[in-house]
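Here the structure is laid out as structure tokens; the discussion comes afterwards.
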Amino acid sequence: MSGLQDLYREIILDHYRAPRNRGELPVPPAHLVEGFNPLCGDEVVLYLEVEDGVVTDVKTAGQGCSISQASTSMMSAAVKGKPVDDARALIRAFKALMSIHESKLEGAEETDLSADLEGVRLGDLEALQGVVKFPVRIKCATLAWNVLQQGLDETAAESEA
Amino acid sequence: MSGLQDLYREIILDHYRAPRNRGELPVPPAHLVEGFNPLCGDEVVLYLEVEDGVVTDVKTAGQGCSISQASTSMMSAAVKGKPVDDARALIRAFKALMSIHESKLEGAEETDLSADLEGVRLGDLEALQGVVKFPVRIKCATLAWNVLQQGLDETAAESEA
Amino acid sequence: MMSATTSTLDVARIQADFPILARTVNGKRLVYLDSASSAQKPEAVLAAMDRIYRESYANVHRGVYTIAEEATAAFEAARTKVARFIGATDSREIVFTRNATEAINLVAYSWARANLREGDVIVLSHLEHHANVVPWHILRQERGVEIRWIPITADQRLDLDGLDDLLDGAKLLAITAMSNVTGTIVDVAGLAARARAAGAHVLVDGCQAVPQMPVDVHAWDADFVAFSSHKLLGPAGIGALWARAELLEAMPPFMGGGEMIRDVTTEGFLPNDIPWKFEAGTPAIAEAVGMGAAVDYLQAIGMDTVRAHERALTQYALDALADRFGDRLTVYGPAGADDRGGVISFLFDEIHAHDVSQVVDEEGVCVRAGHHCAKPLMRQLGVPATTRASFGVYNDRADADALVEALAKAEAFFAI
Amino acid sequence: MMSATTSTLDVARIQADFPILARTVNGKRLVYLDSASSAQKPEAVLAAMDRIYRESYANVHRGVYTIAEEATAAFEAARTKVARFIGATDSREIVFTRNATEAINLVAYSWARANLREGDVIVLSHLEHHANVVPWHILRQERGVEIRWIPITADQRLDLDGLDDLLDGAKLLAITAMSNVTGTIVDVAGLAARARAAGAHVLVDGCQAVPQMPVDVHAWDADFVAFSSHKLLGPAGIGALWARAELLEAMPPFMGGGEMIRDVTTEGFLPNDIPWKFEAGTPAIAEAVGMGAAVDYLQAIGMDTVRAHERALTQYALDALADRFGDRLTVYGPAGADDRGGVISFLFDEIHAHDVSQVVDEEGVCVRAGHHCAKPLMRQLGVPATTRASFGVYNDRADADALVEALAKAEAFFAI
């Protein structure tokens, strides 16, 4: 089961079993955003509080496989308290980590993404790198990050309006 | 070219080169009916005069391949002056002649059609039997007969109305 | 192959007909348990398609030359085979589509748009696959029809208590004959009779039933039946709509193009005869021939034998799962195999369906995890996903055993 | 196979790649001259499809197990190949359909129904195939759009004198890039520029152009391009719509079912991302892979080389026909091969197209007779049918010579 050990690193199983930042935030002031993985029905729900360009609080709900839920938990821990710009850099870096394989699977053009990885500390998140060997699961890992991106875009649009 | 000689019997080529009953009839009293072969664009136009249950006059127009036009010519000669009932018996007999193969091609269920052939004198029309070896051409041969059938049905409906 | 009167399948012999079963995954033999999603293909099907391409390939219905005639004859012969396979007596009633999904959309775009108006009622069930849900949602958005849902019981059968109320004033009952999630077999004939009594037309999603049991569209007394070749041991890329000839005759065309016309001018067009009226453009030629070869293959086995095999193997697997995992594993659907096809959906209390599927793949066992394109049903089950094992004619008890062993490994892997 | 820089084709070597060319008809070698209707398939395409079925067949996008991942990867890799083949930079812009016909119907049902209203204008040409006529007739019946027709010249080119008037107020120009009857090559980029200036969207029927010449959808500046695999040396049963991503994003779904959804409830549904939003149900999996293998094969030859070959062979055949039959044979389309693809339609004064085709088949020569799904054009030509010979990469001068000899026999046979 060596391939499996790569996919299911201990730290991933830990986040899966004991997810960080589970819960809800009052909406508003928090912003609510949801995402689905159409393949497997995984669901990520994100409550996002953004103030003065900082992600002041994050809570998560939803259900899904170990990869999607661990990724959600790790994401919430990584961005909570961070400036929005840092969170966006993390999104880009994480997607770059996943994208070499994802682009092959979905047929998107390959572009050089290494720039997105430079200077960003992924920390625990790097444990998710084993996912790229299992192309179908990449969507499980990226779901939370797509939801975060959508949430940040929407709060930015709101604060402009 | 033995297969071809079977398809293009001399009598067929004769009807093709010198079609009988070409022309038009005033509508009304004549009835006008047209048919197409969607495969090749062959066109058969029929002017039909029916009085007291007799096909008193027939004229034909249209254009198409030797088989469709020869069949039209032979049909017109065969039914002109005949009682409608005899014309209908001829339609059934002619289709029976063609149908063994047509049903195979189109996947229709095979039914016993020999009854339709019994007691009907096809005469010259039998020359068209070679067509069954060329399944795609069967529609060329039957086109005129389908048009005739439609014409007889329509005149019957009109006289009832 | 077995004769139609034999009731047990010589699975070892059948397996030898399926080239892919010789392959290994991660060094393990391939245990393919996802036939409800798509079935593997026997050599006879692959050979029939290959032969067309190597010997008689040409566009159909368009050429008078020899290979075009051969291709056309093979294509139309396949239509007749498919018609007979489901008890249809008129092969003009078979419209070739890409898949069952297109077959249902064809009915939604052509028949329903011509016959249903705002407020008209369509009755579906909570067991339906998205293919028999979304076309009606699209129609509702466009036309404002009303959709009513037949609920399900705790063991995922249809709950028919309120059926007459649901059918009251309905124009269409669109129902699956067998759930692709729980395997639940639906009493189509019984439902169709009640739908007809209420004045509704009946569409049957035969995707799962047609490959697994004897089907007779007239015994069902249906108006429309949709199914796919790829679940029937045939190639993907082709499926069929069966519909009563008089309905097809009256329906407006769906897609426009070559083949479906009798005449075209700059002013308009005249449609072709059925079934070609609904087959616009160049069809899937080799695939039709492959589908014909697939029904030949199944008919040689005998659909009664297929059904007996599915039932016996499903019962065996249900028992084996219960023995090994007890309450830790929830199995959905009717309790016994008599009322279900060869499909078993299940869920460990603590392990997500997706993760289970991943771990058992390591053992060469292919099972599907997800919502199985039946999200309304998933919501009824109260879960986002299940793991599903499903059986084909090439599966045997050793495959069910392999599943149980692989699941035990998954359970151990995710144990806290 | 030749490299992309070589400009003449080693046809003998190419022929060896096409298994069907080894067969005989009536004891004569097969001279296949109906590639405009459907092309033959090289071994590489057949092998790619066979390999999927024998090694990696499973439904796509649905399973996490190994063979499902392999099938999905092969399917999506084919999409990327097809995208690159026509110069698209984003493979999400390729929607797999059954054929070009469905691709155009998709635009008519989805984009046009969302964007066109009663009285809106669609501009077509008299060169169009029914696939690019009938969907618009159906739309006109439903929505009351107006269809205007670009007329043709005496040698069957587009007559562009009145184009600006025709385009005035138009919402869509839907035009073939190459006639399947006369071979006329249309200046798509020029027309598209004028259409855009008039505010119209541009749909290109690339069925004949994509297999025969280098195509770049961005150089054309088109919005939609439809084409079929089966004319491109690939299998039937699959085709593609290329469309700009932002258009696809904005378009409503066409068919509903599995794969095209993000979520489904009893109340409604959310569509999936592009391109899957438009791919309802199980797709033609092996066929997509086969289409990918076909574009690989053509790309290895080089589309410039393919075009040069078509031009040279067409010119040779035009000359040979004129030499042998003179005025007795009417040949349609532009006089020289520079402005036409590898398609030649012709008619003997006294012999019907159908009969000619039948007689030359006796010599093993496959040519098509009929209206070629272009009845509006046939009416312009003033004939019900023509005979048509068309060339593929596997044809050579010996094939053109065989055509001329066979036609001479037909002429003799029907001589009075």
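Some observations on this one:
For reference, chains read A, B, C and D in written order, and residue numbers begin at 1 within each chain.
As a working rule, contacts are C-beta pairs under 8 Å (C-beta built on N, C-alpha and C of every residue); 3 or more make two chains touch, one makes a residue touch a chain.
None of these values were measured; they are calculated from a predicted model.
Counted as hops between touching chains, the shortest connection from chain A to chain B is 2. A separation of 36 Å divides the Cα centre of chain A from that of chain C. For the pair chain A and chain D, the distance between mean C-alpha positions equals 43 Å. In this assembly, the C-alpha centroid of chain C lies 31 Å from the C-alpha centroid of chain D.
Counting partner chains per residue, chain D shows two or more touched chains at residues 26, 62-64, 68, 261, 263, 354, 358, 369-370, 375. Of all residues in chain B, those touching 2 or more other chains are 39-40, 134, 137, listed in ascending order.
The touch graph of these protein chains has some other shape, matching none of line, ring, star or complete.
Taken together, the chains touch in the following pairs: A-C, A-D, B-C, B-D, C-D. Across the interface of their complex, chain B is touched by residues 26, 352-355, 358-359, 362, 369-371, 375, 378, 384-385, 413-414, 416 of chain D. Across the complex, chain D meets chain C through its residues 19-20, 23, 25-26, 30, 32, 34, 37-38, 40-41, 46, 49-50, 53-59, 62-68, 98-102, 104-105, 108-109, 126, 129-131, 133-138, 141, 147, 149, 228, 230, 235-239, 253, 255-261, 263-266, 268-269, 280-287, 354, 357-358, 360-361, 365-370, 373, 375-376, 379. Put simply, chain A touches chain C in their complex at residues 1, 3-4, 7-8, 13, 17, 39-43, 63-67, 69, 134, 137, 140.
Across the complex, chain C is touched by residues 36, 38-40, 104-109, 134-137 of chain B. Contact residues on chain D toward chain A in their complex (touch as defined above): 61-64, 68-69, 72-73, 76-77, 79-80, 83, 89-92, 94, 261-263, 270, 272, 276.
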